[in-house]
Amino acid sequence: MSSSPSIHASERALKRLKKRHARERRFKVMGLSAIAIAVMALIWLLYSVIGTGYKAFYTHSFTLDVEMTESVLDPTGARDPDALRKSNYRRIVQNAMYERFPDVTDRKAKKELFDIISTSGAPNHLRQMAYNDPSIIGQSFTITVPTSDDVDQLLKGNIDRDLDESRRKVSDRQIAWVDQLMETGEIKSGFNKGFFVNPDSRDAELAGIATAFLGSLMTLFVTALMAIPVGIGAAIWLDEFAPRNRFVDFIEININNLAAVPSIIFGVLGLAIFINFFGLPRSIPIVGGLVLGLRALPTVIIATRATLMAVPQSIRDGALSIGASHVQAVFHHKLPHAGPGILTGSIIAMAQALGETAPLLMIGMVAFLTEVPNSPTDPATVLPVQIYIWSSNAERAWVEKTSAAIMILLLVLILINGFAIWLRNRLEKRW
Amino acid sequence: MSQSKIKFSCRDVRVAYSGKEALHGIDIEIEDQGVTAFIGPSGCGKSSFLRVFNRMNDTIPGCKVTGIVKMDGEDIYAPTLDPVLLRARVGMVFQKPNPFPKSIYDNVAYGPRIHGLAANKAELDEIVESSLTKAGLWDEVKDRLKDGGTGLSGGQQQRLVIARTIAVSPEVILMDEPASALDPIATAKLEELIDELSKKFCIVIVTHSMAQAARISDRTAFFHMGNLIEYDQTSNIFTNPTDSRTQDYITGRIG
Amino acid sequence: MNSILILICVTLALTAISFVFARQKARRQLAVAAKTIHSQPSYHGWFAGLMSGGLAFLALIVSAFLSLSPLFTIVLMVVLAVLGFFFAMNRIGADFRARTYVEYFIKSILVLCSLIAVFTTIGIIFSLLFESMRFFKEVSFLDFVTGLDWSAQTAFRDDQVGQSGSFGAVPIFAGTFLITLIAVSIAAPIGLMIAIFLSEYASVRAKRIIKPTIEILAGIPTIVYGFFALLTFGPFIRGFAESMGFGIPTQSAFTAGVVMGIMIIPFVSSLSNDVINAVPQSMRDGSYALGATKSETMTKVVFAGALPGIIGAFLLAISRAIGETMIVVLAAGGAANLTANPFESVSTVTFQIVTLLTGDLEFDSPKTLSAFALGLMLFVVTLLLNMIALIIVRRYSAKYE
C-alpha cells in the first residue's frame, strides 16, 4: 500500500504546492484590495464633502450703526407700507458704511467698501424691519448682517492673501478694512443660522436650505401616505388572498421589474400623467410625492412580502382554527407579527425616496425659489435637487454650501436608517 | 490485533465546537491495512472524529481540535504541516453525494488538475478512466463523460465522488456514512466497491448500520457520547463485546 | 385644493357617524344572541360606515367630474350618505352577514392596491409610447436609431438658432454604452471580489464591520456621487493627467463612469454574495477534501456553480448603470460626441432626458418629444436586462433548492 512515498511528497509536487499557496495569498490580497478600494472611496467622498462643508456652518457677520434717515426712506412722511417696500435701503447701508470709514472718498473705494457687506442682505434686512415697524424710520440703531461671501471666504482662509491683487476676489483695501473690523469686533464669526432658516438666494451668503428641507418633508409625507398603505395592501393580497394563476404571476413579475426601472422613468411618467394629462401644477410636493410614491411602491411591497413570508403559517392557522375568518386571521394575528419588519422596510424605502433627484427634475421641482412653501400645493424643491441646483455654481462659497447641504442630507439619511436598524434589532422576532 | 503497520495514532484527541466539547479525549491507533469502522449512536462524535484525520474540522468556524494525531509517525497538527497536502493524501467521501456542477470528466479531473498530477491531456484521460474504472463507474458513463455529474443517480454520484477521490491517489479514504442516502441495491454495490478499494487504500468508514460494519470492516470502534468505548476486531465487537454499552448498542437498546 | 380636503373630511365624518350609530343599534339588538351570530356588532357598524361613506365618496367623485359647486356637492353627499345609512340600519339583525360584505370590501381594496403596480407599468408604457409615436411621426425611427448627429437643443449655440435640430441618437447610445462599460468594468470585479472575500475569507467579526460599511456606499444618494465626481474626482483626474503631460477635461465619460462604478459596487457585491452563499457548503467541502485551496475552490467549483447567478447580477448592474442619471448629468460633460475615447465629454440617454425635459416644455416640438423616445429606449433596454436577469437567477436558485 503506501510503503512507497506519496506522489504528493515529491519535489515537483512540493514546488507546485508553493506556487499554489502563493496564488492563494494573491487571491486573498485581491479580495482585501477590493474592500480597501471601496472603503477608501467612501472615506474620500465623505472627506471631500465634510472637509469643505463644515465651514458653511459658521459665517461672518457685520455689526453696523445705521441711521434710518427719513429724507431718504420716506420723504413724504406718509409711512405707507407699500411705499416703504420700495424705499432705498441700500443708500442707508452705504451711508452707514461711509460713516464708519469717513476717510474713504474715492468712488471706486466706496464701492469696494460697500461690497464688504452682503449688498442685498443688509438692505433687505432693513426693509423687513421697516415693514414690520415703520416707526423705526428716523431712528438710529445697530444691525447685524452677513458680510459678503467673498469676505466670509477670506476670513475662513479660503482666499490666498499672498496672491496678486488682480487675481483675487477681495482687494488689498478690503483686506485692510476687514482686518481692522475683525480687530474691533465689528465683524464676528458665529453659527450660520441663516443656512437653516433662509430660502434659496442668488447670493451665497444668504442662501439656505429651508425651502428644500420643508419641501423634502412635505414630499416625503405624500410619498409615505401613498406608498406605505398601498404597498402593504398589495403585499397582503399577494401573500394571502391572491389565487395562484397566470395573472398573479404576471403581477409579481411586474412588481419585481418595476423595482428595477430607472427612477428617471418614473419622473417621465409623472410629467406625462400628472402634469400633462391631469394638468396638475409643476414643482409642487404633491406631484413629487406621488411620483416618488410610485417609485417606492415596489420596494415597500417586496419588503413587506419578505416579512409576511417569514411569519410562521402556524400563527395564521392557529387563528383560523379558533374560528376567525381569513381576513380576521390575517389582520388581527399575522399582520401584528409582521409589523416591525414592515415598518423597517417602509422606513428604508422612504430613506431611498428622500435621496431621489432625477424624477423630481422631470416634474419641475428644480425652480429657483426664494420663498418657503406653506403647504404641499406650493412650489417647492427638495434637498437633493437643491444640491443639484447649487452644484452648478463653481465659486468656493457655493461649493461650501452645497457640501453642507449634502452633510445635512446624509445626516438625515443616517438618522433614518439608524432608526430603522435600531427598530429592527429591538422589535423584530426571530422565528 | 493484526500485525499491520499503524497509519494513524491518536493521543487524547478532543474536538470542541465554540468551546463545547464533542469528543472527550480519544486514544486510538488505526491500521493501514483493511477497513476500520466507526459506529455509535448519532451525535456521539463519529463524524467529528473522522474529520480529524484530514483536518476538515479546520474549515468549520469555531471548531477546535487538541491532542496528538500522527500519520505515519508525523504529527498532522504540527504548525508546519500543510492541510492542503494532507487532504491530498487523505481523501474523503461524504454522507450526501456532492458532485461538482461540472461534467463527469471534469469532476474526476478536478483533483489531478489542481495537484498537477498529469503532464498532458492523454495522461489526464488515463487517470480519469482508471479512476472511474476503479470506482466501478466507467462502463456506465464512458459514453457521456461530458454530461453533468449531477445528472447521475444517487449511487452513481457517490461512486463518482469516490472516483474523484481516488484520482488524486490518496493513501487513505475516509467515508462518512457513504451509503446512508442510497437505496439497498446501490448500497450493496458500494459495499462491494469498498471491499475492492480496501486492497489498495487504508479505509476508515463511519456507519450507523451495524450490519454494514459487520459486513465490510476488519476492525470496529464504538463511540458513545464523545468517548471511545471499545475498539477491537469487528468479529470480537459483534460477538463478544466487553462493555455493556456496546452490548446495548449492537443489540439495539441504545441509538 | 382646500375644498377637496374639506369634502374628504366630511366623507370621513359621515363614515364615522354611521359606524357609531349602527354599531350601537347592533349591540342592543344582538345582545341576546351575541355568541352565535355570524357578524359581531362592529361589523354591522363597518357595513353602515362603508355604505354611507362610500356613497358620499361616489357623490364627491361625480360632482368633481361635473364640477358642481361645493355647496351642492355637500348636500348631495349628505343625502346619499343618509340613504346608505338607513339602508344599512335596516339590515341589522342576527341573520345579516355584514362581515362577509365588509371583508369583501377589504379584499377589493387589497386587489386595487396590487393593481396600482400594474397600472404604473401600463402608465409608463403608454405615456412613453404615446409621445414617442408623435416624435416618430416627425423623425423616422430609422434616422433616430442610425443617425450619427444629435443636436436636439436647437438654440444651444448661436449659429444653430432656427435650425430644426437633428435626432440621430447613435452618439447618445454610444455615450451611454461607454460610461456603462467603464462603470461595470469597475464595479463587477471589485464587487465580486468583495463578495468572495466576505463569504469565504472574512471572519464573522470582520463581516459584521465590512458589510455595513460597504452598504453605506449603497445608501448615498446619487446626487452626492455626482457632486463628488464633479468637484473632487474630475479635477483630481485632470490634475493627475496634467502631471503626466496630458490635457483632459474634468467632465468626461471616465469621470462619470468611474464614480458610477463605485456607486454600483455594493449592488454587485450584495447580489453576488447572495448567489455565492446559495452554493451549498457540500460543494466546498468536496473540493477542500480533495486538497484544494480556498481560491481554487472558489474559482473552480463555487464560481462554476454560481456563474448563472453572477451573470444575472452583472446584468442588473448594467441595467442600473444605464439608467443612472445624476452622476452623468453632473460629470459626463454632455456633449453628444461619437467617440470611444473615455477622456472626452459624452452624453447619455438619461442626460438628454434631463436636459430636454427641464425648463420650457413644448409638447408639440420634436425637441421635447425626443426625450420620450429616448425614455422608451431606456425603458425597453432596462426591462429586457431585468427580465433576463430575473429568469437566470430564478432558474439558478431552483437548481439548489
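Letters A, B and C mark the chains in the order given here, with residues in each chain numbered from 1 onward.
The criterion applied here is as follows: contacts are C-beta pairs under 8 Å (C-beta built on N, C-alpha and C of every residue); 3 or more make two chains touch, one makes a residue touch a chain.
In this text the structure is predicted, and so the values were computed from the model without any measurement.
J.: Line, ring, star, complete or other: which describes how these chains touch one another?
T.: Its topology is that of a complete graph.
J.: Taking all protein C-alpha atoms shown, work out their mean, then name the chain whose own C-alpha mean is nearest to it.
T.: That would be chain C.
J.: Measuring centre to centre, with centres taken as mean CA positions, what chain is farthest from chain B?
T.: Relative to chain B, the chain with the farthest C-alpha centre is A.
J.: Need the CA-centroid distance for the pair chain B / chain C, whole Å please.
T.: Chain B and chain C have C-alpha centres separated by 53 Å.
J.: Where the centres are mean C-alpha positions, what is the separation of chain A from chain B, in Å?
T.: Measuring from centre to centre gives 62 Å for this pair.
J.: When the C-alpha atoms of chain A and chain C are each averaged to a single point, how far apart are the two points in Å?
T.: The answer is 20 Å.
J.: By the touch rule stated above, which residues of chain C touch at least two different other chains?
T.: Chain C, residues with two or more chain partners: 291, 293, 296.
J.: For chain B, which residues are shared contacts with two or more other chains?
T.: In chain B, 84-85, 88-89, 114-115 touch at least two other chains.
J.: Using the touch definition from the top, which residues of chain A touch two or more other chains?
T.: 8, 20-21
J.: Taking the touch rule as given, give the residues of chain B at its contact with chain C in the complex, in rising order.
T.: 54, 56, 59, 61, 84-89, 91-92, 94, 96, 98-102, 110-111, 114-115, 161, 164-165, 168
J.: Which positions of chain B touch chain A when the two form their complex?
T.: Per the stated touch rule, the residues are 7, 32-33, 72, 82, 84-85, 88-89, 114-117, 169, 171, 200-202.
J.: What does chain A use to touch chain B in their complex?
T.: Residues 1-2, 6-9, 12-13, 16-17, 20-21 of chain A touch chain B in their complex.
J.: For the complex, which residues does chain A have touching chain C?
T.: Residue positions touching the partner: 8, 20-21, 23-24, 27-28, 30-35, 37-39, 41-42, 44-45, 48-49, 229-234, 236-238, 241-242, 250-251, 253-258, 260-269, 271-273, 276-277, 294, 297-298, 301, 325-327, 331, 351, 354-358, 361-362, 364, 366, 375, 377, 384-385, 387-388, 391, 399, 402-403, 406, 409-410, 413, 417.
J.: Can you list the chain C residues touching chain A in their complex?
T.: For this pair, the touching residues of chain C are 1, 99, 103, 106-107, 109-118, 120-121, 123-124, 127-128, 130-131, 189-194, 196-197, 201, 210, 213-214, 216-217, 219-228, 230-232, 262, 265-266, 269, 291, 293-296, 298-299, 316, 319-320, 322-326, 329-330, 350, 353-354, 357-358, 361, 363, 371-372, 375, 378-379, 382-383, 386-387, 390.
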